[in-house]
Every structure is written in structure tokens, then in C-alpha cells.
Amino acid sequence: MSTTVNSNAGASASASTSTRGSDGRVFSYYPGCSQMAMNRAYDVSTRSVAARLGLELVELEDWNCCGATAYVAIREEQAFVLSARNLALAEQAGRPLVTACSGCFVVLNKANKYMAEDPELRSDITRALAAGSMRYRGTVAVRHFLDVVVNDVGEETVRAQVTRPLTGLKVAAYHGCQFSRPFGERADPEFPDTMDRLVNWLGGETVPFALKAKCCGGLMMTTQPDVGRALTGKILKAAKEAGADCVITCCPLCQFNLEGFQRRVGAAVGCDCALPVLYFTQLMGHAFGLDARALALGDSLTPVAELLHREAVHS
Amino acid sequence: MAVASLDLREVFLQKLYSIPNGRKVNECIQCGTCSASCPTSHAMDYSPREIIAALRAGMLDRVLRSNTVWLCSSCYSCSVRCPAGIPFTDVMYELKRLGVKHRIGDKGAPNTVMAREFVHLVDRRGRNHEPALIRQYFLHTNPLRALRQFPLALRLWWRGRMPLRGHTIKGAAGLRRMMAAIEENGSK
Amino acid sequence: MIAQDEKIGVYVCHCGTNISGTVDVSAVAEYARTLPGVAIVREYKYMCSEPGQDLIRKDIEELNLTRVVVSSCSPLMHEVTFRKACNDAGLNGFLFQMSNIREQCSWVHDDRERATAKAKQLLAAAVLRVGQQVAMEERIVPVRPETLVIGAGIAGIEAAVRLADAGRKVYLVERLPSIGGHMAQFDKTFPTLDCAACILTPKMVSVGQHPNIELLTYSEVEAITGYVGNFRVRVRRRATSIDPTKCVGCGLCWEKCAVKKVPSEFDAGMSMRTAIYVPFAQAVPNKPVIDREHCLHFTRGKCGICQKTCPADAIDFDIQDEILDLEVGAIIVATGFTLFDAGELARYGYGRLDNVLTALQFERLSHASGPTGGEILTKSGERPGAVAILHCIGSRDENHLKYCSRVCCMYSLKFAHLVREKTHAEVYNFYIDMRAFGKGYEEFYRRVMSEGVHFIRGKAAEVSTVAETPEEEGKLIVVGEDTLLGVTRRIPVDMVILASGMRPAEGTEKLARILSLGCTRDGFYLEKHVKLAPVDSPSDGIFLAGACTGPKDIPDAVAQGAAAAAGALSLIDKGRVIIEPITSEINPEVCAGCQLCIMTCPYTAIHFDSERNVSVITEELCKGCGTCVAGCPSGAARQKSYEDSQIYAEIEGVLA
Amino acid sequence: MPDQQFEPKIVGFLCRWCSYTGADLAGTSRIQYPSNIAPIKVMCSGRVDPTFVITAFADGADGVLIAGCHPGDCHYSVGNYKAMRRFPMLAKLLDQFGIERARLRLEWISASEGHLYADLVKSFSEEVRALGPLRWKQRIAPLCESVDIARSQAATV
Amino acid sequence: MSKPKVAFYWCASCGGCEETVVDLAEDILKVVDAVDIALWPVALDFKKKDVEAWAPGEVTVAFINGSVRLSEQLEWVRLLREKCPIVVAFGACAHLGGIPGLANATTRERILENKYFNAPTLDNPDGLQPLTACTVYGCDLELPEFWKDVKPLDEVIEVDYYLPGCPPPAKTVMSAVTAILEGTLPPKGAVLSPAKALCEACPLNNTKPETLSISEFKRVATSTPDPGQCFLAQGYICMGPATRAGCGERCIRANMPCRGCFGPAPGARDIGGKMLGALGSLGAADTEETSMVLADTLVDLVGTLYRFNLPASLLKRQYTSGTGVPPVM
């Protein structure tokens, strides 16, 4: 415990707090590339529920690719430059950075962490940024939208928005890998319950789901389809066996793997894997009474609209 | 001839040690937690534990020629569980980069193509554009398989999930300058 | 200022490479030659060795050194050694000063240049300081014959009994209602498979009956002041709500108690106890306590059945905590360990999945007086067909306990044996390395192997409930790599036992602060020397025994208990101890009699001599904190060994 | 911008029972920290005469640390409370003299808190480095310094 | 044999010390009988050239009061030092810096600014500032320079003896003069006053309670102490325990806590540090928060603890580059 009577402590403290947003409700929002194309429903529904929860998401001006898994796999420092450019933009905006994509969340966080820990890397990146007339001092906190909703906004506010409780709906809360690994500080890395708590607040229930943070196979669904299908298949099968009516996810890649290939996956693991798959934001928005368009439910390849308009969900 | 010459090994170890906690590979107790935690280790030539053993034995060749790195899906299970604190996922990334850079190992071909196309897109426009990436990927790997993906593509397109045009960021030129700068730095 | 005719000898130690690895010792020595009054400078590999000390002795004799400085390790380590060397050669030991260039320099800085610069600073401080030091006589104080033993597990019991048998008074303080510690929970002991209770209970009884042992259960040490030979200890006796003079331990009260659902600590949560309870049948003292957190009388202000039931009228809800002030000459700390909380590792399912047990839970399950009467049964009451024992839970793990907990391999073998013997189930041990280092341990390992136990070399990665084959349905599936095969194996079992590691007992850190003991990063107490003084603490008169310094098995804990008792006894038997003269005194020539020091002294060691109009310190009462010196506005008070002039010299030195 | 070349000199008055032992523990545990601190062992933080602190600054220290046992854990029962009371008074006095309050710290470090000591030295060194050198000695040294006062405006009456 | 000659000189002082000489009353006649006064600017007109004309040793003792801040003062004291075998620092200002020394708590720039630009009574439309040189009717004039800080006498010349006090009590002065005349002086460098702190002689010392627990510090400016009890016990800061005795307890008897004009007791290196050491010991606070509250009741620590000796203390003078705001003048 420090007893320093520090008259000018503000100088050092300000660096770490400057990006926390004046009231903790305004964020720089990083959608991520996937939400611009195949997973735009996640972006649409994220913005809709954020507005309902009083979170102001200001899209990060001219953001670029985070330097995702596929990028860092062959060029590391360049990937850090990509992340750092986004972080620098967020620093300029003076707000914490929030993303709903678990992949972007890990990549941006990793760049942040490694730059903080490795002075050599930091100076390389700083020099590169300078070539584009940018600067990053290392003060931006990167958050996952799910974490913000559950741990910052919290139960009371979420419950207050519920107009269509999900009574009777059984949900498999599939968190996937990268929400809680390796940076999910407020969730158990292997058994996160962040979405379980959320579903509970929305009036629904989650099924015990042992594979809730196991890998869906990621990009391997495309590059190594055999391996990818087996992994995704296990997850869908376990969700079904646990009695789930649907699966929710907090990552565009997980979502795509789980919903896009159900037939072929089913064939691979030898069972019926058909199950509605939603983003947690869509489910939450539905409970908030938002219409299908605001949640881009029409984008789904699985019958989510039917699911949400079952009687059980309406009572 | 061993592709992994002594020099390469030095280069690799240097890179490996430069990542945070990279040196911890030397503290591996060969407990196998990583292998048993890995969702794809059953499909690997060498399990993660064996990769570390091979690294320490100096058998970089074996490491780079294996399919192991290309089966890592970055789920970080091994990293969070490793009792020796080895950031194995990061080790995998380092190995991927080394393999690509020195064009060793063909087992990663599809992934390499995916990654290269990804980098190409991002470097040009600042962002990824999924439809274009998928198109390029299948063109460069197995155009026939692309045909099989067609129904899915159609369903996606029908729902507006396959926009034809990608977005180029305003700061693309600046980004290119940054990339040039970091590359110059790397070649020093 | 150092007087003209001083001849100071300076000795810079390499400490092997401990110092010279980081500090340029020759540069430091060279620098020493430029300091005032320095007559000779030497560097040497190991100053604390006999030849190293000889260097000092010889120089004192031959060069007539007037003062000596050694630049080496912490004064807490070797000040006494070098002081004695000076005394041997006829130089008063208080004309010696040490500068700590190891613990607070070479070991904590890796930049050679800057570490060397700092070593010079510290050396300059010591040289300037020694110039201000004066010859003094050592102070001899009597040692009180009583010993305090903190913690009544097997190590503390052993220590207490040894001392008591030697005719010395012992206060044995135990936090829980009964003595016995973890050993009392165990079923069998490895490798001999002795019944733990059979060998422990007689010792517990002898503690309870020993005339020289004052047993203070349900009590905690709150504060300690004083120094070797003369400690003053404040102990809080928590209110048991039972008058021990009346209670006969008949048991009616807990039979009638309305609260029946408190998880039993002794049974590791495998059974329930009442709010008024005796933790186990052989408890010493065998008298109940009321757990006020759960008792309805205390939580809701009603009930009182036990009071009405008690035939001896022994229950008194008004009993308050009692504060005891004890005076002792020595202290033995034997606070033991607690089990690593396996719940921290969600992947093994502890607390989430049925039939995943900790080691202590299994001990109770297998124990004849445990919840199942010693039968090994799953939660549904069936004999398991297969049991997995997962080694190294929490131990040898960067993220949890970095160290090996030492006992787990062996108790896992014991468990394997017990399971085989009692249930004939298949037993799978998932281990990283098998560590069977003690007497009879390797033989025991062989024996268990011969009993058909499976050994899988690999750490279990997780316990899954997601079946992939029909055989796995409804089972706990242990997933781990068999590293000898290079294959990941999935073993379906009915029960999983987690061989959890040992960590310091709860409250270890708090007690460390009270006693000013050091702890390692792992949280265990730090020994004075890990090899040569394993039961001594760095503080004179305080000894350490058992698992409070690190994981230990029973024979080691017992040996340490006895060793600590010997340490305490050798101190007490001598009856006196030499301590540094650091007491304060007041210069009557300067004192104006303002008496502010009297108000400042925490020990009432200062009184006012109205005759001479000055304050006077009684040396016997002064503990040498020096607070009065800092609080004396006229500068009349001074602290021996820590005089203002010496501190100023040191400040000047470090800033030179 | 902190001067990266500047290496602050910090004098640490450490009580023998808790803080000095804690600092030793950092050593036996090989926990690295900056070499800016020079420890001076005293028996108790209550022994630290405010004059020591003033002297250290006057002799050239850029920062001063007083470290003792945690409140309630003083080896001498209450010595650290005296340090605790003196500290804000002294900080106030020095402040009136332009010595920034952040240059003086009072911290509680127990014998088992080697890591805390190392962390403290790190953060304190950085903080003092950011403040820059105190240069007290140089400031008070010049004797009869002659400075022109408006000599350039020399006027003719 | 001719009578020994003495000189009196004043530097930065209030004149109170000169008053003390007058206060010798009839004793002054004895002095005048015994010595010749060779220099006494307050009473008689002397020129510098007169002193320059003295033969070395011609004048035995120079009593110099006041602290040194002007270049003129330095010139004079150096001259006197050169001429006189014995120099006595006379009074608190010469001894330790005295009240003028409190100016060291601020800076020269601020002093001049206040004096020539900010003072409410000022009429300085042309914004004039003091000059060290100017030309008047064609003559170049040089004027004394106002230095950066105030110094005690022994910081600029060697001093043989010190007569403490503000001002030194007449009795002390007389015995010093007597000692000089009789050649019974103590060793060089001595302070001619008892070597103990004031409590020794304080009439209130026996009213000190057994324990002291101060929860708030009081000031005589805002409340009146009880004249029958030790001031410290009442929470007033009395510098007596840290201050050299010999003053005759004049303040105490006037119900005023000791303000420290005799300077630190001989064992105290720094009076402020020592006094804080004591005050901290006696405070009632037992948490970090209450300690700060207690410290907050202390007003103007520099002015309280170093009222008469700031230039001779360890702190010496304002450190100007810090963030601390100098007290408003």
C-alpha cells in the first residue's frame, strides 16, 4: 500500500485511463472484415442491441484488417502494424476499442500486449506507423462486446430491456476459443459462463454444454475440411444431445462454421446436426423486442426466425 | 540434404526466443498436456509435445516437414494449459512463418495459399473481402472443389452475404508506406 | 570525517560468482583504495570461509587495522561471522561494518556497469560509517525457559512433546478446535500402510495430558514483540461457548443440535456436521465448540437446545474471546499446509462433476471412520469399476504451484493400492514423472505396479463427459497423452482422484508479517539456510518445522519437529543469549528534561530523574527501536550501533 | 519528456525486521529491479529522523524511500505509526520548499514481500526519473551569486 | 595601557540588537569605562575609509548583527574581519539568518516583483527597479546589489563567537563582554549560551502531562493558550524542546510559545527535522488518513519551524525549480 502524498499523480495515471471513455458508455467500434460480408448480421444486430443498452458505438474511422490469423501466419511484424494502425486510430479517438469478433479481439490484444512487453518490437512498429504519420502510445484497452455487455452493462440494465423473455428456450452457449483464450480475463479460459449468464437474464436457460469452449476448426473448414467438419460436428452433436433448441455464438467464424456446413458436417460425424445457430446479439435483440430486420435474422441459413417465434419463446 | 541447416536453426531459435516467453520451450517437461488438449493432434504427424522434443533435439527438419503447424487452429488450449508456460500457439505461428519464408514443407499448401491470398488482399485494400478471398483460394487450389461450394455460395449471395465489391480503406496509401517501412526494417 | 590515524581494512568478496558474476569486484576494490582511512584492500573468492576470515585476522594482527569493512552478502547472513573474526584477532567487533553487495546488488541487478557503481556506493557508505563506529561490549540477556509452538499438526506435536519431555514449559497454539492436523484425516500412511490414526492418536493423547504443555486450541497468535529469549506473544482464544471445566464430552449436545448441514471440514466436505461439534471422535481436547457462524443462537438469536440438553450445564453463550499475553524464550512455527484448490482447474471437473475427488476427500472416503465407513463408493453408492488418479494437480505448473509437492506420487500409489485392495477396480495413474525418493518408496512403487495398476506417462489434460464411443457413455473420460506411445488416450472411469498439490496454510502470510518472517514466492516460510539451517528462521529464536517451509511427508515433518525442538532447547538451556547492543541512551549533558521521549517509548523504558532534571533509559527494558532518538528534539538521545553520525556518514557514502 | 539518460539517486531507509529483510528476499529470489536505490538499514521506520530525509536530499538524493512493517505488524509494536505521522508533515514541509511530494515515499514492505519491494523500486525509480534531477546541492551551493538586475536599463537621472 | 577598542556593525537587521546595547543601562558605563567604541554606525558617523585606516589588531572585537544580503554588507564584514582578531555574530540574524532569513523561503524575483510592482501602497508608474549602477549628472554611481538569498554571518566570514537571541538578552551580552575583557573566553566557535534546550529552564516544564496525544495543532494567532500549562500539551507548537536555552524565557512568561530565536539545541542537526520527529511521535493519528488530517492542521511549517534559522538550516533556501508554490508574501 502506498502512502505517497502525490500532488501530481494525474500525469502518470491519465495514460491508462484516457481511453476508458468519459462515462464508460462510449466506445470506438471495430466491426472487422467478416462483418462487412458474410457475417453482416452480427454487425447489424450488435449495433441494434448496443443502442438499446445505451452503449454508443462509434465506428472506428477508416479501420483496417486487424492482421488476423491468416495474416500473422506468414508475416508477423506486418500483422502488428495492421493492429497498431487500428489501435492508433482508437487512441486518437480517445475511447476504448470494442469488437464483437473474437478473432479480432485476440489479434488486437496480442499486438497491444507484445508491443507493451517488447521494446524492440514497439520501436519497430512506432517507426512503421510514423511512415504513415501515425503514432501509438499504448493506451488503448481492447474489449470484446460480449464482455462489455455482461460485465460492464450488467444484469440490471439488460433485464430492464427484456420485453420478450426467452421463456422455455434452451440454448447452447458456444463461446468458442478466442473469447476466453488467451485474453479473456473475466471468463474461465475453458468453461466461460459469460453468455450463460446473459441468456439467463434474457429469461431463457442454457443447457450444460461441455464443449462450449472447444475449437470449431476455424479456417480449417475450408483448408482441411475433414478435420474441420469433425470438430464442428462434435460441437453440434453435443449441443443437440444436451437438448438445446439452438446454439449462440460470439464469433463470426464459429457462427459460419456451425451454420454453413451442417449437412456435410452431419454426414462426417454420422448424425443429424441441423440446429439453428444465432449470434448472441440476435438472441438478445429478440428478447429486447427488436424486429427481425434490426437483427438481420433474414441472413440466417438455419431456421432461426421460426425458432424465435415458437410459442415457448413467447409466453 | 537437411533443409534445416545450422544457420536456419539459429535464425529460428532467435525468432522463437524473441516472442514473449519463447525461451520457455527449454523448460518443457514433456507431460503431454498440449497434445492431449489439442483438438487436431490426432491428425498431426507429430503431436505438439513431439514438436517441442524435436525442436530441442535440433531436428528442425522434422518439425518443418510435418503437417502439425498447418493443423493448428489457434484455439490456445495448449497455451493456457501448459504447465511450463510455453506459448505453443505462438510457436506454431513462428513455424508457419518460417516454413513459408523458406518454402519448406508442402503439407501446408492449402493454408499457405489461403494465407498468401489473404495477405495480398489486405495489403492492397487494407481489409479482407471474404468473397474474393474464397474465390482466389479455390482458384489457386482446387477449382473443382469450388464448384461443390457453389450451392452454399448461392445461398449466401441470396441473403446478401456475398457482396461483389470489397472496400478499400482511405488510408491505404499510408498503410502501404507503413508496410514498406517495416519491411525495410526487417531486411536490415 | 575519518580520523587521520585510522587504518581501515576493506575486503570485497566474490562469493564464488554470486557477486563477481555481475559486479566488477576488482573495480570495487580499486575504488576502495581511494576512500579515506583505508589502509588495505583485498578481494577474495569466499570471505566467509575460514581462509577468508583468516585474511582479516592476519591483517588486524600484522597491520594493526583499527576498523574493518567486508563487502559481501547481507549482514543478516554473516555479520556475526565477521564480527567474531575481528574479536578473535583482538579488534572490537563493533568496529566492523558490512556492505551488502549480493542480496541487494549483484542478485537484483543484471547491468554490470550499474551494479558495480552501486556496489561502490554501498562500500563507500560502509567505510564512512565504520569511521564513526565505537567499540562496545556485547549485551548478554537471559532467555525465558518457555516455548511457543504455533500449529499442532504432527510437526508441532512432535516439537511440543520433545520440549515438554525435556521438562520445559510449552504453549501449543492451534487454530482449529482439535490438534492433529492433516495427519488425523489420513487413512493409511505410505509406504508401510500403517494406520495413521493408530500412530497419531497416542501422541495426541500425550499432548493433552502432558503437565508441561499448555494447550491453546481454537486460538490464534495475534501479535509478537520482543526478541530472542524474550518474546511477548498475544494470543486470542476464540470463544468456544463451552465451559471446559464442566463439559465431560458426553455428546448429547451435538446429537440434539438443530443445525445439521454444515459441511464437515474434517471430512473435507464429504459429510455434514452440526453447529456444536467435535471435529472427530479422537479429537484432543475432546470437548465441543460452537461454530458461531452457523449456530442458530448466534445467527438468528433463537434455539439454545444444546444449552437445555447439556446435563453438565457447560454451555455458555456469553463466553467471549480471551486475550492472553504470553512470555516465551523461543518460538516454533509449524503451521503446515493446505491443499491446492482443484476447483481452479475447471478442466478436471472438481466441483462440477460428481465422483471427482480431491486427495483429502479420498482419504476420508477410504478411512474406516469416514462417511462410508471405509468403503470406496461412488456418489451413487456403487463400487467403481475403474478409477483414475491424476498426478500433479496444481503442482509443477507455472500457472499455479511451480514446485513439486513431493508427497503426491507416493500418496497416489497408496490410493492405487487401496482402491485395488478394496474394490479390485482398474486403476490408472496419469503421471509426469514418478518420484519415489524416500526410504522404502521405490519398493512400494514396484509393489503397486505388481498389483496390476496402470501407469500412463502423461499428464491428464482433462476429464470429459462427452462420450465418443458407447463404452464412454455415462463415464468420466480422462483424456491424456500416453507420451511413451505418442498417443492421446481416453480412459472411461467411474471415479477420478485429483492428487492436488500442497500450498502454505491459510494465514501463513499474515503470521509471516506478525513474526517478520520471510516467505518465498511460493508463500512458504523462508529458512535461514535451506540446506544448513533448515529449521531456523532468519530471526533468532524463531524456528520452523514441517510443511510450513515446503511440502513434506510425515517422516520429514516429524524430523523437523524434533529438530526445531532441539534448536529451541539449546537456546533455552544456555539460559542467556548475546545480542547486539542497540539500546538507546540519553546524554544527560544535553537532555533538557522535556520528557517527550518518555511519551514516545513503546516499552516504558524511560523515566524522568527529577533530581537531575533529565530523562533516563533503563537498558534492560529498552528494545532498541530508536524511536525516542528520532523523537528527541534536542538531540540528547542516541541509539547505539545506529548513531545519528553513523547514519549521516552512510547517507554521505551512498550519495558520494 | 523524462530524461532517459538521468539515473535518479534514491536513498531507502529500510527497517531491519520487515523491509530490509524483504529487500534481501528480493535478492535471494533474484527478482530484478533498477539499481537506483541505495538501502540504509535502520532498526525501525520510527527511527527515521526527518532530519535523515532532509540530509539525504541536501546531500544529493533525488528521491527518498522510508519503508517499514505494515501497520499493526511493527516489530516494536508502534514505531511505524510514528513514521506514518511524521511522513505527511515532512512531505508538507518539503513541498513548501519546492521538493515535489512524489520524491518522498513511505511504504509498508513485509519480510515476505520481496516482489513488492522490487515493484516499488521500479515504479519509484520511474517516477523520480520523470521528475528529473533535484539538484538540491547545486541549488543551494552558490555563494554571493552576482546577478545584474536591470543593469541594461541603466538610467541617467 | 590604552583601553581595548570595540566595533559594532549592523547588516540586515531590525535594529533590535543595537537596542540591546543601549539596554545594558548603567552597565554600559562600565563598558564605556573599559573599552573605546571605535565604530558604531547607529550612533556615530564613520566612513569606510576610517576603518580601512585601522592598523590590524587595533580594534579587538567586532560585534556584528544582522544577516548578509547586500554586497555592501559583505564588503563591510570582510573589512571588519580583516581588521579585528575577534568577530562576534551578535543576535539571531547574524547567528542563523534570523527573521530576514525567512525571505529565503521565496525567491529574489518574487521579492522584487512584490516590492516594486505588486505592493498595494506602491506608486511606480514608470515601473522602476533598483539598479546597481546608474549615472547621475554625469557621475557613474554604483549601488549595493541585492543578492539571491540571505546568509548568516559565518557563511561569508569566519566567526569566532555567537551571541544568540532576538535580540540577545542584556545579561548575556554583558557576560560576553566581561569574558572578552578578562580573557576568559570559551573555545573558538562557541555559542555563548547554555548547551541545553529551553525546557530545562522553562517554568511550565513541570506542567507537562505524562502522555501527550495531539489531535490538532493550534496557533496563537487564532486562539489564546492557557498560561499555566505546557504549550505543547495544549497543541501549540512550542519550539522550546529543540531550542537552546539562555533567553530568560521571556516569551514563555508572556504566554507565547518559544519561537526558537536561540537556534537549535547543540545536539540537533536541523531544528525543523528534529521538531517534526517529536511532533510526529506525539500525534494522535493512527491511520494514514488521520495522519494527513493532523498534518493539515500545521500551518506554514517553514515559518514555524525555521522562523529564525532558515539560512543556517539544511534547507537553507528555496529550491526554485520545483512545483511547490512559494508562500505568498
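Order as written gives the chain letters A, B, C, D and E; numbering starts at 1 within each chain.
The definition used in the following text is that contacts are C-beta pairs under 8 Å (C-beta built on N, C-alpha and C of every residue); 3 or more make two chains touch, one makes a residue touch a chain.
A quick note: this is a predicted structure, and the numbers were derived from the prediction, not measured.
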Neighbours of subunit B that also touch subunit A are C
Identify the chain whose mean C-alpha position lies nearest to the mean of all protein C-alpha atoms shown.
D
With centres defined by CA atoms only, which chain is the most remote from subunit D?
B
Go through C-D and B-C and name the pair with more C-beta contacts between its chains.
C-D
What's the farthest chain from subunit E if centres are computed as the mean of the Cα atoms?
B
Whole-Å gap between the CA centroids of subunit A and subunit D:
47
Taking each chain's mean CA coordinate, subunit A and subunit E are separated, in whole Å, by 73
Separation of subunit D from subunit E, taking each centre as the mean of its C-alpha atoms, in whole Å:
30
Give, as an integer number of Å, the spacing between the C-alpha centres of subunit C and subunit A.
46
For subunit C, residues that touch 2 or more chains besides their own:
347, 462, 600, 627, 630-631, 644, 648
Which positions in subunit D are in touch with at least two other chains?
46, 49-52, 55, 70, 82, 84, 86-88, 91-92, 95, 100
As the complex stands, subunit A meets subunit C at residues 188, 190-191, 210-211, 234, 238
Quick check on the complex: what are the subunit B residues that touch subunit A?
18-20, 39-40, 43, 70-71, 73-77, 79-80, 87, 89, 93-94, 96-97, 100-101, 110-112, 114-116, 118-119, 122-123, 126-131, 134, 137, 152, 155-156, 159-163, 166-167, 169-171, 174-175, 177-183, 185-186
In the complex with subunit C, residue positions of subunit D that touch it
7, 9, 11, 16-18, 20-35, 38-44, 46-52, 55-56, 59-61, 69-70, 72-73, 75-79, 82, 86, 110-112, 114-115, 118
Under the definition above, what is the set of subunit B residues touching subunit C in their complex?
24, 29-33, 35-37, 41-42, 47, 49-50, 81-85
Seen from subunit E, its contact residues with subunit D in the complex are 71, 74, 105, 108, 112, 129-137, 145-148, 151, 155-156, 268-270, 272-274, 276-277, 279-281, 283, 285-288, 291-292, 294-296, 298, 300-302, 305, 314-324, 326-327
